[in-house]
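Below: one structure in C-alpha cells.
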Amino acid sequence: MKRVVTFGEVMMRLCTPRHHRFQQATSFDINFGGGEANVSSSLSIMGIPASHVTRFPDNDLGQTAINAYRKHGVDTQHIVLGGDRIGVYFVEQGVAMRPSKVIYDRAASSFATLNPADFDWELIFQDAQWFHFTGITPAISASAAQACLEAVKAASRMGLTVSADVGYRSNLWKWGKRPKEVMPELIEYCDVIICSKGDAADMFSIVPTDEKKSFKSVCQQLNERFPKLKKILSTKRGQISASHNTLVGKCWNGVEMLETKTLNIPDIVDRIGGGDAFMAGYIYGELIYQNTQKAIEFGVAASGLKHTIEGDFNIASVAEIEAVMNGDVSGKIRR
Amino acid sequence: MKRVVTFGEVMMRLCTPRHHRFQQATSFDINFGGGEANVSSSLSIMGIPASHVTRFPDNDLGQTAINAYRKHGVDTQHIVLGGDRIGVYFVEQGVAMRPSKVIYDRAASSFATLNPADFDWELIFQDAQWFHFTGITPAISASAAQACLEAVKAASRMGLTVSADVGYRSNLWKWGKRPKEVMPELIEYCDVIICSKGDAADMFSIVPTDEKKSFKSVCQQLNERFPKLKKILSTKRGQISASHNTLVGKCWNGVEMLETKTLNIPDIVDRIGGGDAFMAGYIYGELIYQNTQKAIEFGVAASGLKHTIEGDFNIASVAEIEAVMNGDVSGKIRR
Amino acid sequence: MKRVVTFGEVMMRLCTPRHHRFQQATSFDINFGGGEANVSSSLSIMGIPASHVTRFPDNDLGQTAINAYRKHGVDTQHIVLGGDRIGVYFVEQGVAMRPSKVIYDRAASSFATLNPADFDWELIFQDAQWFHFTGITPAISASAAQACLEAVKAASRMGLTVSADVGYRSNLWKWGKRPKEVMPELIEYCDVIICSKGDAADMFSIVPTDEKKSFKSVCQQLNERFPKLKKILSTKRGQISASHNTLVGKCWNGVEMLETKTLNIPDIVDRIGGGDAFMAGYIYGELIYQNTQKAIEFGVAASGLKHTIEGDFNIASVAEIEAVMNGDVSGKIRR
Amino acid sequence: MKRVVTFGEVMMRLCTPRHHRFQQATSFDINFGGGEANVSSSLSIMGIPASHVTRFPDNDLGQTAINAYRKHGVDTQHIVLGGDRIGVYFVEQGVAMRPSKVIYDRAASSFATLNPADFDWELIFQDAQWFHFTGITPAISASAAQACLEAVKAASRMGLTVSADVGYRSNLWKWGKRPKEVMPELIEYCDVIICSKGDAADMFSIVPTDEKKSFKSVCQQLNERFPKLKKILSTKRGQISASHNTLVGKCWNGVEMLETKTLNIPDIVDRIGGGDAFMAGYIYGELIYQNTQKAIEFGVAASGLKHTIEGDFNIASVAEIEAVMNGDVSGKIRR
Amino acid sequence: MKRVVTFGEVMMRLCTPRHHRFQQATSFDINFGGGEANVSSSLSIMGIPASHVTRFPDNDLGQTAINAYRKHGVDTQHIVLGGDRIGVYFVEQGVAMRPSKVIYDRAASSFATLNPADFDWELIFQDAQWFHFTGITPAISASAAQACLEAVKAASRMGLTVSADVGYRSNLWKWGKRPKEVMPELIEYCDVIICSKGDAADMFSIVPTDEKKSFKSVCQQLNERFPKLKKILSTKRGQISASHNTLVGKCWNGVEMLETKTLNIPDIVDRIGGGDAFMAGYIYGELIYQNTQKAIEFGVAASGLKHTIEGDFNIASVAEIEAVMNGDVSGKIRR
Amino acid sequence: MKRVVTFGEVMMRLCTPRHHRFQQATSFDINFGGGEANVSSSLSIMGIPASHVTRFPDNDLGQTAINAYRKHGVDTQHIVLGGDRIGVYFVEQGVAMRPSKVIYDRAASSFATLNPADFDWELIFQDAQWFHFTGITPAISASAAQACLEAVKAASRMGLTVSADVGYRSNLWKWGKRPKEVMPELIEYCDVIICSKGDAADMFSIVPTDEKKSFKSVCQQLNERFPKLKKILSTKRGQISASHNTLVGKCWNGVEMLETKTLNIPDIVDRIGGGDAFMAGYIYGELIYQNTQKAIEFGVAASGLKHTIEGDFNIASVAEIEAVMNGDVSGKIRR
C-alpha cells in the first residue's frame, strides 16, 4: 500500500503524572506529539505505511523524538536535522471540573527555523498516496508556511489526496501574516479538510448564510470557494467535564451532511490527540472501507479509544476500534 | 475453626501500571493470583483459616509466590515444589470503553506438570471442613484433572463440604479430553457449585427446558443429575464499561431461587478476582451466618469491594464488607 | 493587605499511593496538613498574605513541614520549635464504595505539648486582620486550649475578625475537659463560625426548637448565646460514594439563610481538606468581594476544585475558582 | 527442628528513597524492623523455624507489620494486639561522606505499654530451643523490662539457650532505671551475648584490666561475673564511609578469642540490620555447624550480604552466605 | 553501507528495580535482549545499518519486542510472527559481593518452535555484508539449529563475513544433540569467532597443547580445524565484585595475539550485554577502521560503557566510545 | 544578620532518573538551579538570610521556580515576572566512565530578555552585606550584562562585599560582545573572585609570568589590574571518573596562597552545583568564622557533601559540613 505522508512540528510533551498540578510535580512524563505526527503514528499502528516529515535538533532530544516514531513503525527517513531546540509543551492533566493546562514553549524551535529547501517533496512523495497537514504548520513561521505551500503544490501535482486540519490557534501566527493571508492558498490544493464554523470565519471570512442549517451553508460556500474540496469534516465535542466528553463526527460530501451517532466518552485518561485520532481514523476508513460514512464512524471510535490512552499516540488496533464502532463499549475483558 | 482448603494453579500476574497499554509499559506490577487461591486468601483475610494447595518451581519466583500467600495468613505447608516454571499472565488494565487484555503464558507450568502422588489428601484435609476448586484445574492437564478427582473423592469421603466454580475456559482443555468427559465425575462429589447457563450447556449438555424461568430449569436438571448438589450459585454481571459494572448474586437452594439486589460498581480499579471474591464471601456467609440469602448478599458485597482493590486478593475486612452489604456505599471517610 | 493568621496543629500526612490499601502499600506519599494551616496555605496561594502559627519538633521533619508552607508563601516566622515529635496521620485513599481510612498518630506531639507562653500574640497579630482556628485545637490538650483562648482574646482585643470551624472530633478531647466546658468561652470572641446542627448540640447543647427550619432556629439561638457572632456557616455534603460527592454552602447572616447552588463533585481525587478550602474561599470572598453570598459561592467552588487536587493544600488560583463559581465545570483545556 | 524465639519491639521504618534527604523526599519506602525481629526473619529465611513475640496496635498498621513477618515464614501467633500506636523510625540513607540519619518516634508505642501478663512464656517456649533478645527491650519501658526478665527466667528454666545483644542506646532508658540497675540480672540467665568494650563499661562497669589484650580481659571478667555465659561475641566495624565498611567477628569462648578474617563491604545499599544479620548467622552456625569458628564466619558473611539488601531483613539464602563465607565475593552472575 | 544481519532469540527481560531481590520486588522493569539482537541494536545506534531476524508470538508482547528494536533503527522486516510465547528471563541485579541472578523461562518459545522454512535467507541477505550468530541459537532447539545452519551456508555462499560468539550454555542444549555434534559444522562457515579456552574444549574438544601460551595454541588448532577462520576473539573479565570488573580484549589473527590494555570498570550499573557490546564494537571497528587492533580496542571501550547503561542495549555513540578508547574515563561533564 | 544577595538566571533542570540515558528516559525529575541561586539557597539552608534576584515568566512554571526557593527560605520578593519562558537544561547523569551530559535550552528566556530598569538595586540591597554573581550572567544577553553592571556599581557604592565566580562558558556570549570587553569592568567592583588560570586568560588576557608558581603569578597580576580585589579563590578538581572526584580549595589573599587538604569524593550522586556549594561555604566561612583558611576548608567540605545530594541545592546543615571539615568522612549513622 502507498504511504500517507504528514508534515508538521513535533514537540516534546512533558506531563505531570497522576493529575498533579504543576506546583506539585516532581517529575514530568515524557511523550512526543504533534497534530500531524499523531496522524502518522495512528495510521502506522493501524497498519497503513506512514511517513512523518519534520525538523529536529541534532542532539539526544531530537534522536529520542525520532526513536518515538520509529518505535511505532513511522518512516522517519525524511526528517531533517538542524536548528537549536525541540519545541516543548508542558501539560498538567485535569480531572472533573479542573481543566487540563498546557504551556507551550515552542518559539525558535528547529521546526520554526526550517529552511524550505531542505525538503525534496518530489522524493518524499514517491510511493505516497495521501498528504496531510494542519493549520498549525503555516502558523509557526514564514518558512514553515512556505514549506507547507511547496508541499501541497507538489502533492497536488503528483496526484496525492491532500487533507488539512484547518484549526485556528490564536497563540500562534506571530510571524507577520494573518491566517486569512496564508490559508486560502493552501486550501486550494486540498481534497479534504476538517473545519469548524469558527475556523471558516477566522480563516476564510465565511459565515453561515441561513439560519437553520448553518454548518451546511458554510460547507456550501467552502465548496464554491475551493472547488477541489471533496469532503469537509467536523467534530462536535460535548464537554461535560475534563473527565467526561461526548463526540459526534460529521462530513459534508458536497451533497449531504453525513453524521455519526454520539459517542459517550467517560473516564477520560488523556484527551490530547483526540482530534488527530479522528483524522487518522477517517483516513483509514476512506482508504480501506472506501466509504465515507464508515470512515467518520471509524474516526469517532478511534478518537473515543484515544481518550483512554496516555500520550498523543493512539495505540489502538483496527480490531479494537471496529469493536467500538460496532457499539461494543462494554469493556469486557479480552483473554 | 476448621480450615477451608483450595487447590489450583497460582500464576504470577504482571500488570502494566496506570492503565498503560502493553506497547507503552516500561514496567509490570507483580501480583499473584489464581481462581482457587483467591478464595483462600480472601477467607484468610476475613479470619477463616485457609490452606492453599498447589505446585511451584523450586526457585525464587516460587518462593515469592509462597510469600504472597503467607503474608495474608494462608497456610502454605502443603504446597509442593518442583517443575520448571511458574505460570504467568500479563494484564493490561482497561478503562471505560477500552477492555482489559489478558495474555496467558501458563503452558508447561509446575502446576500443569504436577504428579498426583505428590498430594496426600488425607493429610491435607485433616482439620478441614470445606474444599473448593474450579473448572480451571481439570482443564490444565491430565495430571491436574487426576489430582482434582483424587481430592474431591477424599474430601467427600472425609465429610468436607465440596464446592466448585464450574467455569468453562475455551483457551484451556488442550490436554486431550473435553470438559464433558471430565467435569461430570468431579461434580458428583460437590455440594455447591457456581454454574452459569452457558457452563451447564458446555460442561453437562444441560439446557433450559422452559422458556421463562430458564436458569431455574437448568438448576432443577443439575439437581437431578447430581443428587449431592445442595446449592447452585450464579452471578449476573452488567457490563456498562470496563470502569462500570453491576452485579447480582443468585442461589438455587433446591427449592427456590434466592437473589440479591443489584450492586452498582462504578470507578472500577481492578475487576480481576471479582468472581472469586463472591465465592469466598459466600463460603464465609455459609460458615458464619449459616444463612444462604445472607451468604450471597455478603458475597456480592465482597465482590463489589474487590473491584476497588488492585490485585487478585480481596483485602477487605468483614466489617467493611458488612457495611456494603447493609447498603452503605457512601464512601464516608473512616477516621 | 493585612495578614490572616491561623493557629493549629500541622501533621505529616502519609498516604498510600494509587488507592492502595494499607496492607498493600510499599510507600507513603508525604504531605502536610492541618485544618487551620490548610486555610493559610489556600489564602496564600490566592494572594492573601497569611501566617500560620504552630509548634514543630526541632528536627528534619519539623523543618520539612516548615518548608512545605514556605513553599506556598505562608509566613512561618512565628512557628515555635520544640517538643518531641510531629503528629502523623496515615491515609488510605478510598474509591467508589470503599471509604478512605485515616489512622491518627498525634498523641504527645510537639503541638500537644506546647507552652502557651511561647506565643506572643501581640506580636503575631501585628498587621493582621483575621484570626482563624478550629475546634480541633482546644481538643488536643489543655495547653493548646489555653493558647487558643489567649489567642482569641488578643485577636478580639486587637480588632481582628475571629473565625472558628467548630468541628467536634470524638476521637480527641482526651485531656480532661469536655468540649462544652471549653468551646463556649472561645466562641464568645468569634465573629464567624462554621457549625453544623450536630456540632451545636455537642458543643453548646443547642438543638432546633422548631420542626421545619431547624438549622435556622439553631442559628438564632447561637446568635442569642454569642452576641458577637455575625455569620454562621455550614456545608451540606452529599455522599454518593468515595469518588462522588455534592456540596452546598450556607450562611446565616443574622437575618436570612444564604445558600449556594449544589455543586456536583465527581471523580474525586482527594477529599481531605475540602472543608478547609471552603473556609479559605469564604474568607477570601469576604475580604475581596465584601459580599457574603459571593463568599460562600466562592467557598463552594474552591472546595470543589480541592477535590481534584492531591494533598491537603488547595493549589488553585482565583481565576480557576471563579470560573467554577461562574458555572464553568466543562474542564475545557486551557492552552 | 525446634524453634528460635525472639522478643522485642518492631517499628515501621520509613525511609526516603534514592538517598534523598528528608527535606527532599516526597515519599517514604515502608519496611519493618527491630533488633530481635531481624534475627527471627533472617533465621526463618535460612530455614530455621522462628517465632517473634511483640505487641502491635490492633489496626491496619499493626496488621501490615504482622504480614511483613508472616511473608517470610516467621511464626506470629504469639504477637499480642493492643495499645495505641506502632513505633516509627524515619531513615535518610546516607552515601559516601554523608551519614545516614535516623529519627526515632517510638514513645508510647504498643510495645512500650505492654502488660507483662499478656505473654505466657511457658506456652511460647514450647518446642523452642533458643531465646534471643537485645538490650533495647529493657531500655524501652518498665513493663518491657519486666516482661524480658520473665522471659529469660522461663527460657532458662525450660532449658533454652538464651542470647542477648547487649547494646547500649543512649537515647532510650528514659523510664526511670539505669541500665546498670537492670541489665545484670537479665544477663545472669544468658548463655551467649554480644557485648563491646563500651557496652561492658556502660552496662556492667567492667573495664579492661590489662593494657594489651583488653577485650579478652573484659570477657574474662564477664565470665566471672556471669557464670552461665559461654560465648561472648563482638564485631569490629571499620567505617571508611557510609558506602564502604569492613567487618570482623570475634568470639570469646571462655578459652580463646576466635576471630574471622576482615570482610570488605563496599557499595553499601543498606547498613541497617547488619549487626542483627551477624547474630542470626551466628545462631544458624551454632545450630547447624555446631562449630563456633564457623558460626562467626557465617555471621560475618551474612552481615556482609545484608549490606547489599534494602530493608532490615536479610533476604539471603544459606547457599549465598556460604559462598561469601568461602571467599567468593566476585559477584559472578548466577544463571 | 551494506547491512549487518543477526539471527537469534530475543527474550523479554524482567528486572527487579533498585537492586531489589526477587522476594522484595513489587515490579519488574521491562527490557528486551538477546545475544545477537544486542549486536544489531548496538550497531544500529552506532550508525551501521542492521537487521535482526527472529520469531515472535503474534500478540502484544511480540509487537512490543519489535517496537523495542525499531525504536533504535534496527530493521525488523524479516521477523517472523507465530508460535505461542516470547521467552522471558528474570533478572535480579546484584551489587558488590551479591551476584546478579538470572532465571530463564524460555522453553517452548516462538523462537524455539520456529520452522526453518519461514526464513528466506537469500532475501534476508540481500544488501548485507556480515552475518552474526551465537552458540545460543543452535542450543535452543533442533529447528533453530537447522535454521542457523541454513543461514551460515547462505551467508557464506553470498560472500558475507560470518561471525559467531561460540558460548557454551550448560542450561540449554536439551533438544537431543550435544554441542560437539552441531557446532563444528556451523563454525566451518565462520570467518570470525569469539571463543574461550573453555568453549574450545566444550565445543570442539580442543585443549591447549603447550604450557605457556595456552590460548594461542588453542587458536592455532582452531585455525587448522576451521581453515576459513580469520580471527579468533576472546575477552578476559576480571571479577572483583558484582559492581567492579575489568576487561581485556584479545584477537588471534592467525599470526599474532593482539591484546588491549585492561579497562577498569567500576560502579557497574548493568553487566548484562557486555560481551555483545564488545562484539558489536569489534564489528564496527573492522568495518570502519579496517584495523583489527583498533577494532578490539573499540570493542572493549564499547563494552565498558555498556556496563554503565541499564538494559541489554548499548546506547552509546561512536564519539563516546572513542573517547573511552582514547583513554578518557574522567567522566567530565559534557555541556 | 544582613542578607546576602545573588543575581542570575534560574533554569528548570530536567534530569533523567536512575542514570538513564536520554534515549531511555520516560520521565524527567524536576529541579531548579542556577550558579548564583545555588549560592543563595545554600546560604539560606545554613541560616544566613539570602535573597535571589532574577526574572521568571508569569506562568505556573515561573511560580513553581519561586516556590522551590521559598521552600528553603530564600527571599524571593525581588524576583521580577515577565517574558516568555523559563530557561531549561536537560541532564543525563553519568556514572563511572560515562560522563554526565547537559543540553541547554535557555535562549530567549525571561532572564535573557530582562529590562535592567526592572531592578531597583538601591531597594534590593537594603539590609544586605554581600552581593554575588557569576560570569554566566553577563554572558547571557546585553541587558543581563547591563543589569549586572548596575548591580555591582550599586553594591559597591552601598558598601557590600562583591563576589564573582568568573567562569567562562564557551557556549554562551552570543549577544555581540566578547568577555574581554565586558568582564573587566565588572571585576573592578569585586572584592572576591573565583578565577582559574584558564578564566584569567580568557577573560583578562592574564597568563602566568613565571614557570613554577604559575597561579600565584596570575593572582598577583589580577591584584595589580583590579586593586579592589582582596581574595582570589580557585578549586582544583581531580576527575577520576564521573562517580569519583577529588577537590582542593585555594585562596590567594594578596600575600600568600592558602590551600586546603585534598578531599576525596567517591560515590558521587550529583556533581552539579559543587562549585556553587564551595562558593556558598566560603561566604559562610568569611561571615561567621571571619577566617579565610577556615572559609575555604568549610567551602570544600560543603562542596564534598553537595556531591552526595541530588539536585542543585546543597541541603546540608552547618553541623554536617563542619563534621566533614573536621575530617569525619566515616559516614557513621546519626541516630
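In this document, chain identifiers A, B, C, D, E and F correspond to the written order of the chains, with residue numbering beginning at 1 in each.
As a working rule, contacts are C-beta pairs under 8 Å (C-beta built on N, C-alpha and C of every residue); 3 or more make two chains touch, one makes a residue touch a chain.
As the structure is a computational prediction, the values presented were derived from the model and not from experiment.
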item: Mutual neighbours - chains that touch chain C and chain D alike; value: B, F
item: Intersection of the contact lists for chain C and chain E; value: A, B, D, F
item: Label of the chain whose CA centroid is most distant from the centroid of chain B; value: F
item: Recurring contact interface, reference C-D, options B-E, A-E or B-D [over half identical by residue number]; value: B-E
item: Interface with more contacting C-beta pairs, comparing B-D to A-C; value: A-C
item: Averaged-CA centre spacing for the pair chain F and chain B, given as whole angstrom; value: 63
item: Separation of chain D from chain F, taking each centre as the mean of its C-alpha atoms, in whole Å; value: 46
item: Interchain centroid distance [CA atoms averaged], chain C/chain F, Å; value: 42
item: Residue list for chain E, restricted to those that touch at least two other chains; value: 21, 23, 26, 67, 72, 101
item: Chain contact topology (line, ring, star, complete or other); value: other
item: All chain pairs that touch each other; value: A-B, A-C, A-E, A-F, B-C, B-D, B-E, C-D, C-F, D-E, D-F, E-F
item: Chain E-touching residues of chain B, taken from the complex the two chains share; value: 14, 17, 21-23, 25-30, 59-61, 63-64, 67, 84-85, 88, 90, 92, 101, 103, 105, 107-108
item: Contact set on chain A toward chain B in their complex; value: 17, 72, 265-269, 304-305, 307-311, 315-316, 320, 324, 329-335
item: Chain B residues touching chain A - in the complex, by the definition given at the top; value: 18-21, 23-24, 94-102, 104, 169, 171, 239-244, 271-272
item: Partner chain C, residues of chain F touching it in the complex; value: 67-68, 70-73
